[in-house]
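Once you scroll down, you'll see the structures, which are given as structure tokens.
Next, two complexes with chain A in common: one pairs it with chain B, the other with chain C.
Our next item is the complex of A and B:
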């Protein structure tokens, strides 16, 4: 699985049966459920072996699949 | 201050709560001293569970027969290692592992648990009569919330099973709960609960500050500080008072000295709601909004709550972080709850969307 597929796989566990595009905002109205966000951060760190620094923890970086993939790629380089 | 307090006592059954071994002879006798301790711990707001190697149905039947089954949440009655059972209990409650105590008559069991999870306090059943005198079994205050604590948890269990059987997106499920989030100024009668929350809560605690009762009395009476409490209710019942905020107010700017939410309501997004309320208030009063944050190894989720609500780091020095809130980002409250702001100085709002 590539990065995008792994991320989508993880997210699909939380959005139920709904389909979502790579550019769909997963945190509607900027209302992050912080528990979900925490689980997402931990998933990214454990699965890809990267560390999220304080400055990475911006809603912008997590708002959709594309942003998450871009963030992970930037940490892996 | 980090006085260790026990939040949950896990009991063995055979020769611990009752005399005898159930699988050998069903006419076991309840130990008087055990039931005294169980009732008093319940009164103190300490939750209780079971880890017993037994057949589930007969053991539960026997507890029902004695009229004490109601005291135990998430009972683990099986043939697994007790360390595994205790880990399950810990996960179910979501407490720190060091806030759990385990009572068993068998040294083997106590040692098995200690080997796997050394943070658990293991108590020999021979010492049951000393349990109530142990410092870690004595909470600072017993509040109305502590006496209700078991009932509040049972409400949660009902909610969780309703959620598990719900097919559909989580937001929709939350909608069905008819949640009501009420924000008030803290009054003196709230302060025991507030102190209790500051001692017990670690993950959703922005600075790890523990305020004593006397300190809180000073704060609520001070013109320079506002102390808010948040209460959450839904159709299953009350959650009790689940959040507090201490805000230092100076001319033109506010500083959130403490934001704390009970971990029990972590998945309901209430931290974000409290922050939104504070941001909207600051915006109405034309005040800049800052927040203190002290990162610990357990409160990262609170950091994320701040960041995602629109706060940015403006300073980070010697373990103290200062954040500033972007008041244009305060946004709207989530659809799935009704927020009631009972704050006298400003307008009385009932905001539901």
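Our next item is the complex of A and C:
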């Protein structure tokens, strides 16, 4: 499974039966709370072995699948 | 110092709950002394508070001054650091013998006027208080996880808890925007006597192959309109804590309805503790 598929799998557990595109803003899709954001950050760190720094914790980096994948890739490189 | 005479708070236990309590009260201007058994645990706790505050800032329009909040939290491994604490909030695991030892030490090191808040979801406040010489100043406060986000707690009056202590602690909680309801002491109180029946039986349903974890929770979220199903709740609390609480309920009431599900025990033995280890009934 590639990074995008793993991220989509994780998110799909939270959005239920709703469909979402890679560019859809997930925080406008009913997921706009801190608890979800914490789970998302923990998932990224545990699953991809990367560490988020304070400066990474910007909404822009997590707003949609494409942004999350880009953030993970930048951390892996 | 505010009108209820509380400025400095001691917090025992820097795990998920203790860190959350520290974050909450430091955010509302209190000086916090966080105590645990090792510097390593304390360092992890401070890192998690920092992380959670940063995530909060990311998600909320209203921004918190992270450095300022962190500067209000000091850490220590020595109970003597609590000599000036006005209130101590204890958050160690739900194991009665460990808690008793802690209260004997607190009673020795803390000033006479200091109130002790037992952050427990099931242990009798009256029993805890019997290990101190200040039973009137001991009160149960069942903070809900995640503490920094919750606006409600279950407050438990022990047999000897004074009316003055109840009122003081109610005002203290309100000062951090935590509402509460005060109930009488009984192991498990209202919350756990009900919730642990749900969580335990949900685990048994999974064990028996009646339903998958997703299905069990869906019936609660979609059918009963609960915000979270019992298995997600168990994962959030931590399955080790759930097992410990069930043991206390079982021991207290000697009633088989609280007998722990073998699946819960097995998952704890396998290190599948829920959100805090990344895997429980669900993967995180």
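Simple rule for what comes next: the second predicted complex is superposed on the first by the 74 of 77 C-alpha atoms of A that agree within 3 Å, B and C clash if a C-alpha of one lies under 4 Å from a C-alpha of the other, contacts with A are read in each partner's own complex, and residues count from 1 in each chain.
The criterion applied here is as follows: a contact is a pair of C-beta atoms (placed from the backbone, for glycine too) under 8 Å apart; a residue touches a chain by one contact, two chains touch by 3 or more.
Keep in mind that what you see is a predicted model, and the values were worked out from it rather than measured.
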Partner chain(s) touched by A:13 [first = chain B, second = chain C, both, neither]: second
Chain B or chain C, by number of chain A residues touched: B
Chain B versus chain C as contact partner of A:41, first or second or both or neither: both
Doubly contacted chain A residues - partners chain C and chain B: 27, 32-35, 37-38, 41, 54, 57-59, 62
Residues on chain A engaged by chain B in the complex (per definition of touch): 14-18, 27-38, 41, 54-55, 57-59, 62
Interface residues, chain C side, partner chain A - complex: 50-52, 54-60, 146, 148-149, 275, 278, 282, 284
Of all residues in chain B, those that touch chain A in their complex: 167-171, 266-267, 269, 271-272, 300-305, 307-310, 313, 316, 321, 329, 331-332, 334
Complex contacts: residues of chain A adjacent to chain C: 13, 27, 32-35, 37-39, 41-43, 46, 52, 54, 57-59, 62
